[in-house]
Amino acid sequence: MLFEQMRQKPFFILGPCVMENQELLYTVAEKVAEVGQKYNVPVIFKSSFDKANRTSIHSYRGPGIGKGMEMLQNVKEKFGLPVITDIHEPFQAAIAAEVVDVLQIPAFLCRQTDLLVAAAETGKIVNVKKAQFLSGADMFYPAQKVLEAGNTKVVLTERGNMYGYNNLAVDFRNIYDMKAFGHPVCMDCTHSVQRPGGAGGKTGGDRTFVPMMALAAKAFGADGYFIETHPDPDNALSDGPNMLKLHDLDALIASLV
Amino acid sequence: MLFEQMRQKPFFILGPCVMENQELLYTVAEKVAEVGQKYNVPVIFKSSFDKANRTSIHSYRGPGIGKGMEMLQNVKEKFGLPVITDIHEPFQAAIAAEVVDVLQIPAFLCRQTDLLVAAAETGKIVNVKKAQFLSGADMFYPAQKVLEAGNTKVVLTERGNMYGYNNLAVDFRNIYDMKAFGHPVCMDCTHSVQRPGGAGGKTGGDRTFVPMMALAAKAFGADGYFIETHPDPDNALSDGPNMLKLHDLDALIASLV
Amino acid sequence: MLFEQMRQKPFFILGPCVMENQELLYTVAEKVAEVGQKYNVPVIFKSSFDKANRTSIHSYRGPGIGKGMEMLQNVKEKFGLPVITDIHEPFQAAIAAEVVDVLQIPAFLCRQTDLLVAAAETGKIVNVKKAQFLSGADMFYPAQKVLEAGNTKVVLTERGNMYGYNNLAVDFRNIYDMKAFGHPVCMDCTHSVQRPGGAGGKTGGDRTFVPMMALAAKAFGADGYFIETHPDPDNALSDGPNMLKLHDLDALIASLV
Amino acid sequence: MLFEQMRQKPFFILGPCVMENQELLYTVAEKVAEVGQKYNVPVIFKSSFDKANRTSIHSYRGPGIGKGMEMLQNVKEKFGLPVITDIHEPFQAAIAAEVVDVLQIPAFLCRQTDLLVAAAETGKIVNVKKAQFLSGADMFYPAQKVLEAGNTKVVLTERGNMYGYNNLAVDFRNIYDMKAFGHPVCMDCTHSVQRPGGAGGKTGGDRTFVPMMALAAKAFGADGYFIETHPDPDNALSDGPNMLKLHDLDALIASLV
């Protein structure tokens, strides 16, 4: 039913990058629930229990899957929101599926057959992020792996392509090309403005571009929007430079519906 | 001791892409042992037990880790060769380490912290392939994850960067830049000539360029060479278009030592 | 005064790629004048007298500067439209300036100092197209060459960057970055959807994307839009695949004002 | 006859980037003549009379075509060397051809039909540099423009492709691909190590890579080498960071013949 809603109205995947603590999740989820009702659009609460590929081994990774699923379950119960999280190894699919409505496959891992199949077999909606090294047309194959594992609830998410070293560019034609496969296509408006980390040992970005990315994606036919948001992104534990300020969320959604 | 040899002489990681059957491994290993002795250089036998990220879900993946490690053990015993294989999930590190001398981290997975740490903790040499989306300078961080897990036996392998869609280009300056970290740097001469799969549902390539890639890497200071080779690559079950014919291996090594 | 109008309202540079014949110019100019009045926006009629860098030497190039300027003058008189054309050598600047209101510097030539200075010295508005090999930030320097030649009427036009071979991607962040210099920024909605020619000996494209490119550029703050249009683009003598059908022009402008 | 020599032996195009003064040309030409005799290879003296596309309008451009041709003529007479220079506008072809043996078409301009035809019509050897935005295969068309203008003495020169912003990468497969057209293929070992200028207002580079680029090009089948060299590159008026020290020229040539 959520999947049908995602086909009918612009949908929004919203939340802080990583589960810093339960309180943060509540703060953001309250706003997410509010905008969902205000604009009468499907909203899905997103947060990661583990940042498994940080540039540096010293960066904060998250609470782990056990504690993390508890925290998401609390959000679900308190606010009645559907939830999504990303998984990194096949064994995590079934565990996360006990709580989440959507399983997300990270971009770097979108060709890992076992991960896609494990996610598909839970029967949950599977949101596959397009790798930074693939075209929209190339995403036929990851989607096909989910379908052939018996799950037709596939969402594909654009998040930009590598453009030289330590930079991403979004080729919006990929949104149009992915829509040709018939699955809902989502625009990741926050990771697409990253400057992937290099010499500095962490990944930068520029949240100025987030609303522009969203509107441009709309022009190319995006069905939904993935936006990481945080009440105080400059002090967030992950992806601060590219997360939207929670305070700016309402206005951005107003511009997209 | 193998690691010291790899620091002193040009080394060669050689073998068929995937473990098609035991007989194939013996055929190739015999030649690998022969060239190692003939040119008095370190040679390491390579083959994969699982191709975990094939473009299509229908492609051949390999015998799996259990059967695969048996097959590698047989090669080791019969020809006295050190062996290497690639792993895709952290739990595989310890299992593979019972047989192999070198664990290889696939390019797409080179930022997955848990996989790097699990490999490092086996105490085996860890060969980290540079992702198609990273610069040579960016590889400081994956290497650092192995070091901080207590293992100093790191090898870094160049294999080209995405250049537009469905194409790779090798920026050889990355070899020079990675050498600055002090780890041996290897050139993957066969995957760097791939044309990553797209519309056609599989990955192409052009083995014509393999010897040229190797010599160019030598010019930029490569310490070793990774070359997939097969007696009949046009009928191989994976990576046929880019594997070197086994018959051409001896001449290529002669040009590099 | 035209330049002031271009600063105050969305402007449109419109016309067929190359001056095929006077009749074609009249047909398109009539529609251009019509939409300009209907939407009360500045419109500038564009057509080239010479396609100086066609892929093949056998392609149609145009009527040349003498005949071409006559044809533009006729358009100007008949429809009261300001006109723009592109020049390729410094000596052409003064000749074209006798007729045109805006001189355009082709993307490949945007670093040729003498061409920029010759254009600047005419006192006309100078529209510098961003090269396919430059960033938005890099365009500071070509603009500066015009300014230092004593002309402050500079327009900068985005038209995409090379993305691998025979493909362009538009990094819309460049529009935002160029706006920081204070000059009006224009989006070339038709050349940005080209597939620059290679093996086939001519350049392809896909006009499907033209309206999407325009709307995305608007999201990133574009001040104006460059759109090549033709009553029958499939039979045009240049750039057919990427030109907009004249019939679709009105609706596109309606979506942008 | 020079063209036949260039087909039979590795040839070298050598000299300072820009004609700073006559004395500099003599200093470099003396060394160029010396290495040509020592290694018995064709050498061609190169220097530019005008740097027509410097990043900034304030950069030194050179003595101009009149004075420049005089300076080249002096080199020719004093050292008996064939000479090459680059032209930027069609009218310069005939003027330069009174002195030079080879006319060079700059990379940015390699699709300008009139420039190619004007160069071809002089009957001199035409060295077309591959644009930073073209593949090796794409160079069929610029070469064809020279051929169809009646001149079969074409040389094609690789100099790297744009890789993201402000960076070049050399895809050496292009050398192999261009050789398929049957024309001699030259490697520009000094411009290929540039970091094209951006924020800093000038172009950087790293001459460390020059000898590596040359050897790698040799591995891919290059017929000749273009190497800018200067007795004191750190104080040169153009392209200092990427020029080879004149003192290192002999050793580099020794490694290539």
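All chains are identified by letter, namely A, B, C and D, in their written order; residue positions are counted from 1 within each chain.
Methods note: a contact is a pair of C-beta atoms (placed from the backbone, for glycine too) under 8 Å apart; a residue touches a chain by one contact, two chains touch by 3 or more.
Bear in mind the structure is a predicted one, so any value in this text is a computation, not a measurement.
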Report task. Identify the chain pair with more contacting C-beta pairs: B-D or A-D. Result -> B-D
Report summary line: Outermost chain relative to chain A, judged by CA means, is D
Report summary line: CA centroids of chain A and chain D: separation to the nearest Å works out as 49
**Report entry** chain C and chain D: spacing of chain centres that average the CA atoms, whole Å
**Finding:** 32
Query raised in the report: Measuring from the mean C-alpha position of chain B to the mean C-alpha position of chain D, what distance in angstrom results?
Result: 38
**Report entry** Interface hub residues of chain B, defined as touching at least two other chains
**Finding:** 161, 163, 165
Query raised in the report: What does chain C use to touch chain B in their complex?
Result: 163-165, 167
Query - Contact footprint of chain D on chain B as seen in their complex - result: 161, 163, 169-173, 176, 208-209, 211-212, 214-216, 218-221
Requested in this report: Would you mind writing out the residues of chain C in touch with chain D in their complex?
Outcome: 52-57, 61, 88-90, 108-109, 111-114, 117, 131-135, 137-138, 141, 144-145, 148-149, 161-162, 165-166, 196-199, 201
